[in-house]
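Both of the next two complexes hold subunit A, though its partner changes from subunit B to subunit C.
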Partner chain A sequence: MGDALVAILLGLPMTLLVTAASFAIGLVGGVPLLLGLRSRIRFVRLAVRLVIDLIRGVPPIVWLFLLYFGIAIGSFRFNSLVAAIVGLGVISSAYLAEIYRGGFATLPRGQFEAAQALGLGRATTLGRVLAPQALRTALPSMATFLLSLLKDSSIASTIGVTEMVTAATVFARQNTATAGIVPFFLAAAVYFALSIPVAVFARRLDTRLRKAL
Partner chain B sequence: MNAPLITSSLELATAGVEISHLSKSFGSHLVLDDISMSVEPGSVTALIGPSGSGKSTLLRCVNLLETPDAGTVTVGSQTITAGQPVKDRDLLALRRQVGMVFQSFNLFPHFSVLRNVAFPQERVLGRSREEAEARALTLLERVGLKEKAHQHPARCSGGQQQRIAIARALALEPSAMLFDEPTSALDPEVGVEVLAVMRELASAGMTMIVVTHEMQFAREVGDHLVVMADGRIIEEGVPAEIMAAPKEERTRRFLSAVLER
Partner chain C sequence: MSLVDYLPQLGRGLLLSLQLTALSVLFGYLIGLVLALGAASSKWWLKWPAIVVVEIGRGIPALVVLYLIYFGLPSVGILFESLVAATIGLTFTAAAYSSEMIRAGLQSVPRGQFEAAAALGLARRSTFLRVVLPQGLRSSIPALMGLAIMSFQATSLAYSISVPELMSQAYQVGNLTFQYLGVYAITGLIYAAIAVPATWLSVWVEHRLARGAA
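Let's turn to the complex of A and B:
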């Protein structure tokens, strides 16, 4: 069992890398999508809405297959790690844009009107008045999304990224006689252990922000 | 409460407000029907009427929170004509001249009280942070809330929040102020604090348009009373005279309804 745990923990850095990198892409990539959703131009709003619905409407595993097996431009192909990070990053962008949008939707209209009446410009109103408040409401949902992304990073195993689930699978195959289902129980335990701090942090944040507003 | 001397630190450059043939519809509903009205520099106009009469919409057309369908709005030397595209620069210039106080205060909850009053000065007037905060402190002192400067608005009562909102608007040195039912969300005894600040501002010579149900305030502080119903001005004149002897039946009904509350 000790050997199994060591083998799985060797996959841990890759799990964390895929999760962190794709979440980071999502945090940044969600912003232009959000701006598109709030655009003054109707066509832009519709186009961005379509893109987001398309991204969210297809299972992540299918996106990864399409990126990894489907894209071959000349001699260029994604390697499995890049395909996983880009794929999950794009998916994260779509979900986080929706979460950001939800944060803005809860803001009272008076906040926007007060900023307008004071003569604040569009960028200042969005960046300094609305966004900080929207972010506060969005943070708990963002943490929840991070949790599901941590678990979804396991689908990178299907295109050959050697993260925890791959490590567990490989170990189980190499030790068919002795390992049985144990490596997967261990993987489950590690995922669970990782998710606890995020969940606790999210709940604390939520309580604190409720008090602050 | 001590009468706060809000205005001694203000350089009032008041402007008149001229509204001419203003119309506005929401969908098929005509909310403002050819409204014309003139507010002298340094005067106080009280705007009253039943809910749905269009008084708030009229007020919101003055700083273009609502876009009128027809007519013109002039504040000082700045004129906006409905139907013509408004340059962002002209829009900001107009809003810069006009301060607005809302029924629901609308302070920024993520800023401290001090930052609420200082931040717009930095962005709109380009003041340095030090200068803006010093000025904010002076204004907060004048509305009796200097000790709240470093708290968040959520820690302040409604009456305190509304006085902070007034300080925030005044900090930008507007030449006219719009008040949209500033005491309607407040308990009467708290509303008095807000009205006291407004009285002082009026006596210092600020041009004010006040949508209100406070008849005593309208009579004592108002130079001019405008009664609206169904998107039209049905009666206007000296507040005490209209209240004593309304010419229109609708005015009489409205006044008796308000006074019986």
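Let's turn to the complex of A and C:
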């Protein structure tokens, strides 16, 4: 059991890397999508809406296979790690754009009107008045999404990224006689342990924000 | 052969994906209701086991749940066919997530409803079954619809334990034709063609229910 735990923990940094990198892509990529959703031009709004729904409508595993096996431009191919990060990053962008939008939707209209009455420009209104408040209400949802992304990073194992689930399957295959259910059980336990601090953080944040509002 | 000739094969896979979705949603939501009632119970020996099961189900990736059941359990003498293992695994995950949604729905029923039922002299049992449960379930419908869509997408994970659903068929067709980009693009569009309209439907239902409540 000790050996199995060591083998699985060796996969942990890769799990964290895939999760953190794709979340970072999503944090940035969600912003232009959000601006598209809030555009003054109806066509842009609808087009971005469709793109976001389409991205979210395709399961993560299909995204990863599409990027890893499907993309071959000349001699260029994604390696499995990059394919996983880009794929999960694209998905994160769509989900986070939607979460950002939800944050903005809860803002009272008066905030916008007050900013206008003060003669603030469109960009200043958005960046200095609306965005900070929207971000605050969006934070718990963002933490919840980070959790589900952590779990979805396990899908990177299907294209051969050597993260925790790959580590567990490899260990199980190398020790068929003795390993049994243990490596999978340990991998599950590590995911569970990782999810606790984020879940506690999200719950505490949620109650604090509820009080503040 | 062009990719179009393989569409029937993908179609067969889709059919199995949909069956898997239907089974895991049906059983998952029923178990989810039981878990929600357990978690809301005042008896600790009902409450804590339910909460533990729910948190485990939500804390572990669905893929790991499938591996645990399909690759792990045989070593302790429990052997399932891949389709059965996938159904059990996805049901477990759906149950854990749905129980939280149902619990939130039940909690959203205003206190006045309890008081009104008590004032009318309704027994605890009928208060719950006739007053609280219908209203609570009603407000959790949009979330449960969203979860059903997630469950449909999660069936693609069953590929990894070789259930011949849509993703497995796509993988096979890809290996036969070498047209990976085309195959996975078509497969993605098939998933989206079901998930996207379903999402719009759930948004529409949410708006309708919100209008009814106001």
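Just so we're on the same page, the second predicted complex is superposed on the first by the 213 of 213 C-alpha atoms of A that agree within 3 Å, B and C clash if a C-alpha of one lies under 4 Å from a C-alpha of the other, contacts with A are read in each partner's own complex, and residues count from 1 in each chain.
Quick note on the criterion: a contact is a pair of C-beta atoms (placed from the backbone, for glycine too) under 8 Å apart; a residue touches a chain by one contact, two chains touch by 3 or more.
In this text, all values refer to a predicted model and were calculated from it rather than measured experimentally.
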Of the two partner chains, subunit B (first) and subunit C (second), which one does A:35 touch, if any: first, second, both, or neither?
neither
Regarding the shared-chain residue A:9, is it in contact with subunit B (first), subunit C (second), both, or neither?
neither
Scan A:121 for contacts with subunit B and subunit C and give back first, second, both or neither.
first
Regarding the shared-chain residue A:168, is it in contact with subunit B (first), subunit C (second), both, or neither?
second
Using the touch definition from the top, say if A:61 reaches subunit B (first), subunit C (second), both or neither.
second
What's your read, subunit B or subunit C touching more residues of subunit A?
C
Per the contact definition in the header, classify A:71: touching subunit B only (first), subunit C only (second), both, or neither.
second
Residues of subunit A at both interfaces, subunit B in one complex, subunit C in the other
none
Sort out for me which residues of subunit A touch subunit C in the complex.
53-54, 56-63, 65-66, 69-72, 151-152, 154-155, 157-158, 165, 168-169, 172, 179-181, 184-185, 187-188, 191-192, 195-196, 199
As the complex stands, subunit C meets subunit A at residues 55-56, 58-65, 67-68, 71-73, 75-76, 153-154, 156-157, 159-160, 167, 170-171, 174, 180-185, 187-189, 191-196, 199-200
Show which residues of subunit B lie in contact with subunit A when the two form their complex.
63, 65, 88, 92, 95-96, 98-100, 102, 104, 106-110, 119-120, 123-124, 152, 154, 168-169, 172
Which residues of subunit A touch subunit B once you look at their complex with the stated criterion?
108, 110-111, 113-114, 116-122, 124, 128-129, 132-133, 136, 212-213
